[in-house]
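Next up: some structures, all given as structure tokens.
After this come two complexes, each holding chain A, first together with chain B and then together with chain C.
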Partner chain A sequence: MFKPTLAVLAAGITALMPVHGFAAPQANDVLKTYADIAQAGYEDSLHTAQALQVSISKLISEPTDTNLKAARDAWIAARVPYQQTEVYRFGNSLVDDWEGKVNAWPLDEGLIDYVATDSYGAESDENPLYTANVIANAKLQLNGEELDATTIDKALLQKLHEAEEVEANVATGYHAIEFLLWGQDLNGTHPGAGNRPATDFDTKNCTGGHCDRRAQYLQAATELLIDDLQDMANSWKAEGDARKALLAKGDKDGLATILTGMGSLSYGELAGERTKLGLMLHDPEEEHDCFSDNTHWSHFYDAKGIQNVYLGEYTRVDGNTVKGPSLSDLIKAADPALDTELRGKLDTTQNAAQAMVDAAAKGHTFDVLIAANNDSGNKLVQTFVDGLVAQTQSLEKAVKIVGSGDISIEGSDSLDNPSAVQ
Partner chain B sequence: MTSLLSALHSGQTPTLKRPRHALTGLCLLALANITWAAPAPELERQLAMDIGHKLIQPAYQRLAEITDHLSHDTEAYCQMAGSSLEAVQRSYRDSLNAWMRVQAINWGPAEKYNRNPSMYFWPDKKNISSRQLNTLINNADPAVLDPAAFSQASIAVSGLSAIERLLFDAPPPQPNSYRCQLLSAISANTARISQLLAAEWPAYMQQWQADSDPLKGIRLLLKSMDEIAQIISQQKLAMPMGSELSKARISRAESYRSASSLANIRANWAFITSLLQGNSDQPGLLKLISRENDELAETLRGLIFTTDHLLKAMDFTLEHAISDPEQRGKLMMLQANIDTMQSLLSADVSGTLGITLGFNSRDGD
Partner chain C sequence: MSFSFLTPLFGVSVLVQNIGRASLALLCIAVQPSSGRAAPVDAPLPDHSLYQQGEEMPGGTASHQNALSRDSFSHPVTTLTLAQRLDFRLGDALFRKLWVAAPSSTTASDGLGPLFNARFCQSCHVRDGRGHPPVANEQPTALFLRLSIPPARPQQQQMYSGHLASVPDPVYGSQLQNFSVQNVPAEGKVRIQHEEITVTMTGNEQGVLLKPVYHIDALGYGPMHPQLRLSPRVAPPMLGLGLLEAIPAEQILAREDPEDSNNDGISGRAQWVWSSAEQRLMLGRFGWKAGNATLADQNNSALANDIGIGNPLFPSAYGDCTVAQQACLTAHNGNTPAQENLEAASTMTDLLLFYARHLGVPARQDARDEEVLAGKQQFHQAGCAQCHTPTYTTSTDTTPALAQQTIWPYSDLLLHDMGPGLADEHQEYRAAGHEWRTAPLWGLGHTRRINPKAGYLHDGRARTVLEAILWHGGEAEAARNHVAQRMTPTQRQQLLTFLESL
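Up next is the complex of A and B:
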């Protein structure tokens, strides 16, 4: 009795009509640029994760402060390309289904290792594994059964990930690695990040207990991250599944995918869950990179990734540029004023993100900015939220343009005769 | 609270989500192309305002009255001046129910100063409410009890969700304790927000009158209906039920402490249906829909009828039903009906009325 309304989508366009004298690119070329940027972004993420792995191996063989610092720096560097790929997550179901393995957040870190229970607490409504501490426990109760955790390897982490159907059981990905490199940030809303000692990995002078298992965990999580990034980098190559899935959607729905990713990341995810929620809770646990206090950069590069796909331009880690016909070119041909508006809004958001980066350089990291009674800090974060909300409103206009005849229209039953699919 | 959408402007909420539906945006796009004749937009403006005055204003009024009772009951209990814990708990359940009737509205007066998420914060993925309440109680700072202090307080300790923890978790709050004073202060804050919502609503309706976009009101109502349907299905039902019987977990239900989780859903559902059907004084959105697409209107009426029937037959609590194979089956049927309603609202109804819903806070993640 109820018809599948999502079927409305099938559409095929070939030529885009310049209506204001500006020669528009082919929609298909815009999709190709979008896919090329994805491929480059995931390859860069893979390469920087491999560099992280080298640093981590060195840390484990020689657990010195210097080597710990080098591993932390490598993690921060690995976030730069990865965050710029987040805009691909929404709209591309292959990416969305995969993403939880590499960047799930927030996490109940008590699953993984020791925690300070006076601040963290000992139990949670949401999570029976809130303080399971697999590093300290070779046997765990999982989903009502005993789990042998004698060896910590990739397979074990995959079993623990989202165990008990709780998303906060994050056993893999960037944030699990982040926790192992930094430890809990016990500074509340005051300056300072996690301060795990290098000796937590020193089997001869072990602090925190079970240093061998902690090292095993860190290595297994890093190997898994590399495997997963390799999969996604492959998926955007010429014959890769993600690229093929995008192109198979046709021009109009392909463009819709780009806009869906930009709008969903801007609004619900980045402005909402990752930023405004922290502001309303005034809680240092509510920040994306809560162990490393790297949230300002993560937010900056998330926003940058949105801008990249609009402008059809990405600067790679090695300094080279991937560039091609862009959504901006298409919008400009149909509605130059909207293109100017969108570019301006994206710039405004980048400036707001830059202001958070500048504040962090002076010690005012995200967890400090969101503190209760920090009016100027709260305002800085709210400005970033406002920028994202404003750009979402412009993106909604772009959705209308792509959907209407202004960019191009080649007939399709589902679009021209909606009653046929209702 | 949950996912609130517009929330994000200078005073509002975001959301907690996670079902990974990335198709909404695509759907929007396709529908944006529909160009059939929309009904005269001034009629839509008028209908939205009438719905606001005659259906929503009374719900806010009721919320203001009931939370005022809660505040007085709590104060009397904490000062040992003639109430009982049971009476306060009853007032709490009534207040929660009144809130759930308007929970879906996260714009207008409810958007200011984070009022909507301050009234009920859920799901609490990081157990933040417990930690923050424990910190407040351990510090026992009298300054926190000052009504003005709530303007800077975390949403996790500002409203009904915090009250529920203090009122139902063991041990119960003892009169004259700091815990009770905190409970009383939060109850007063809840009543204060509710009064402001009721008081500011009529003036807000006047803004719809003057707005250059005659469809603004209808769009906001529809967005709220669409979003609360998603929240009911993806969070309020799916989270406690888990993927199978053995994964059911009471503590993931929205209001398990007061065993009100199903009552919450009933009230959220009543919000959707009252806006569609109206009442004896005031027609609802079905009036517009049936003029454009009678078949769709009939489908909606049928869905409301069967879902109301299903809800009426549910003589159990959600907290119990998630672990009972037979009752669980009924919850799954309810979920399927809610999903159908959501799909009809986001695609068919919005298309019929010529409305683009736009991005919302539940997109993506």
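Up next is the complex of A and C:
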């Protein structure tokens, strides 16, 4: 098996320098940029979640349509930096293990709050299961044990989730908050998002029942999200665990981590699981941000995060830029043509994502685009998938160029086995 | 779009397709002696200390050479096209998909339970590796208990002919589900106690085995049948399953020796089971008792019983609920018109099957290492290879990605008497409580990298590979005694080094 050492890598790049005239950055500096962008991204996620919390407090004290709209806007704004951090999930096991707490999908809606019954066939509305949820019940049975939900607080939500990666109930994180702000999207593959009324939080004029408990749930879930984001922002600080774990891998494996993250998110996760699968199943809610119909932006910023990491550049929520020596610089020094190709493909993907965003602006949101009979919509989504697959192929070339001989892109194939790359 | 899983597969049971039960034994006896097993322990042996060509690629040329990591069992065979790789990844996504209780907005993801052992496939098949028994007082997720009661005579015949797996408990069904959706009682809680057994080996080396004793507490539906039989099962690793499926049946049947006619103390019986996928009686290959003939049967039955997801082969949305469990039967189901009025439509199960079938096998790093080769010699000398058959060539008549590969799974896929230490009373088809299918050994050395909590054997009781060997009894007792009583500690270490290199 070809396993170049870092010395070989460094020597190779140095040797190429005079030919192309670019000074390759130090691998360690590229890793630092990568970690700096992570830190900024999680800090921005934290700050936008704190802004969301302020809006939610206002909604609860004054449950008006305006305040509900403001809270929803704050949620959508909070997704902008968070989605750009998703590229850190793959390769950084610390992030991957944590991710389920903040972004797990799908959601146990019926465990959290009321769900519509009329869209589920002829079953009786009297079925007690329709109301067997935490918001409506101070006590309920879960796995044969009585769950005391008298007070809905962080501790209770953590308890629901405490089985960690095994039998955790999916009742926390961004999507739980999304569900409480929007409610179910009952429009199928037709236009329209969830339409929960503001009065669901109005204790004086309550709709949906248990408005005080719904407000408690929403606040507790938001507090928990903030705690978790704070942990991850800290983890990327100078002495944070995630940053230390990355740097401890050394230059070669550190670069491998970056490429693993880019390739795994591009290929299996975003192209496959989050896009192609929804397209194949034509399931209106197999999309990611389903209650809010925000999937187009969620996909756009996922792809943007991949590009950020390659270019070593991230534009923060406040407009400032985090920038430093990049993987792009490193590839350019070794193979300028590949760098051009990769930049081009990342742009193509961004354009395809932009086309979905533009379609959504005209009412053709992701759930409409993937409908069974919507050929032009399906094509638009497929173009995004194709862009991601194409950039993965270029990333595989980059892996060979950088010489990180043994990287695996999750869901992709052996990158150091040329015969497998067709 | 073209899916290779839609092409008809494997000529595996061409041979057995039209053979009734009566002629099976004849067939097997007729085939067996010509190929024969490895010679008995003390006879001169071929030199197994030499490297054999190709043995470093246990999955044939389809073996992957990705860096070793906790995801080493999750890579596809390297023979897929780019389009197939994306299908593989979609299957992987479904394998990791969390199922939620119905009703929910996610019509393609709801239908969990109402009774379940796990919320998603990977919950038990941790990163496609082995499951594990529960730690301390937690409820198991990667281990469940099969339940059965003694069969009456006609049922015994149905079991022997491959048409009935076992007779379920009238209330609790065929396995204990210790989880449930809200407001449906779970069936019970599993409690495990351990008895210690000390084993002394040559060189004054000692080992302590933990013998688990299983109890069920907090019964959700009243008393169980007085003659209830329990059989614990931990999820087996997933690597190379499609390659095992592609071994021609005759290669497996050739090693059968039910009457031990060559007097080597080892019989080896084929399991025969009805395949719901193929609608015929077939050689059983998958599961601890080889109770499933095809991966389609294996996948879909697990989906139905372990997660509670109705699917094209097992359409009930209520999984293992029995008529005595009304709360379960009146719970909401996740059937939707868009999913063929099922909880998981064929689009989904086809992708899952594609995934399971094309999971690759990691290449071996140290196949040429001297200690490893010395250990391989020990392995053969002890007689392990008599059941842990090293190598096969897969069928020509299968999907191109898996065809004609020389593979090294180290299993004969037959049932053997493994002695009283591992036995329970639960019978599965024709496999008695003391009979178990030889477990493939490929990937063995990666076990803890994939799942640090994993244990070995059918219920994960063995904490190390050596403990697993020491648990071997019955037909494997001679080999086990060879390891414990005849090998020097150095030789034993060589054996383990070999096994860890797989």
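The rule is short, and it goes like this: the second predicted complex is superposed on the first by the 360 of 422 C-alpha atoms of A that agree within 3 Å, B and C clash if a C-alpha of one lies under 4 Å from a C-alpha of the other, contacts with A are read in each partner's own complex, and residues count from 1 in each chain.
Methods note: contacts are C-beta pairs under 8 Å (C-beta built on N, C-alpha and C of every residue); 3 or more make two chains touch, one makes a residue touch a chain.
These figures come from a predicted structure and were not determined experimentally.
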Which of chain B and chain C A:Leu142 touches, first, second, both or neither: second
Which of chain B and chain C A:Gly272 touches, first, second, both or neither: both
Which of chain B and chain C A:Asn373 touches, first, second, both or neither: first
Contacts of A:Val389 with chain B and chain C, given as first, second, both or neither: both
Which of chain B and chain C A:Ala132 touches, first, second, both or neither: second
Which superposed partner A:Glu43 touches (first chain B, second chain C, both, neither): neither
First, second, both or neither for A:Asp96, with chain B first and chain C second: first
Partner chain(s) touched by A:Asp29 [first = chain B, second = chain C, both, neither]: neither
Partner chain(s) touched by A:Leu281 [first = chain B, second = chain C, both, neither]: both
Touching both chain C and chain B, counted on chain A across the two superposed complexes: 1, 93, 106, 108, 119-121, 123, 127-128, 130, 143-144, 165, 167-168, 256, 267-268, 271-273, 276-277, 280-283, 285-286, 389, 414-416, 422
Contact footprint of chain C on chain A as seen in their complex: 1, 93, 104-111, 115-117, 119-121, 123, 127-130, 132-133, 140-144, 163, 165-168, 170, 184-186, 256, 267-268, 271-273, 276-277, 280-286, 290-291, 389, 393, 406-408, 410-417, 419-420, 422
Sites on chain C touched by chain A in the complex: 64-67, 69-71, 74-76, 78-82, 85-86, 88-90, 92-94, 98, 100-110, 118-119, 123, 139, 141, 178-189, 218, 220, 330-332, 335, 338-339, 345, 347-348, 363
Residues of chain B that touch chain A when the two form their complex: 3, 5, 7-10, 12-18, 20, 22-34, 36, 114, 117-118, 121, 123-128, 130-132, 134, 152-156, 242-243, 246-247, 249, 251-252, 293, 296, 299, 340, 343-344, 346-348, 351, 356, 358-365
Contact footprint of chain B on chain A as seen in their complex: 1-2, 5-6, 8-9, 11, 89-93, 96-97, 106, 108, 119-121, 123-128, 130, 143-144, 164-165, 167-168, 252-253, 256-257, 259-260, 263-269, 271-273, 275-277, 280-283, 285-286, 372-373, 382, 385-386, 388-389, 392, 395-396, 399-400, 402-405, 409, 414-416, 418, 422
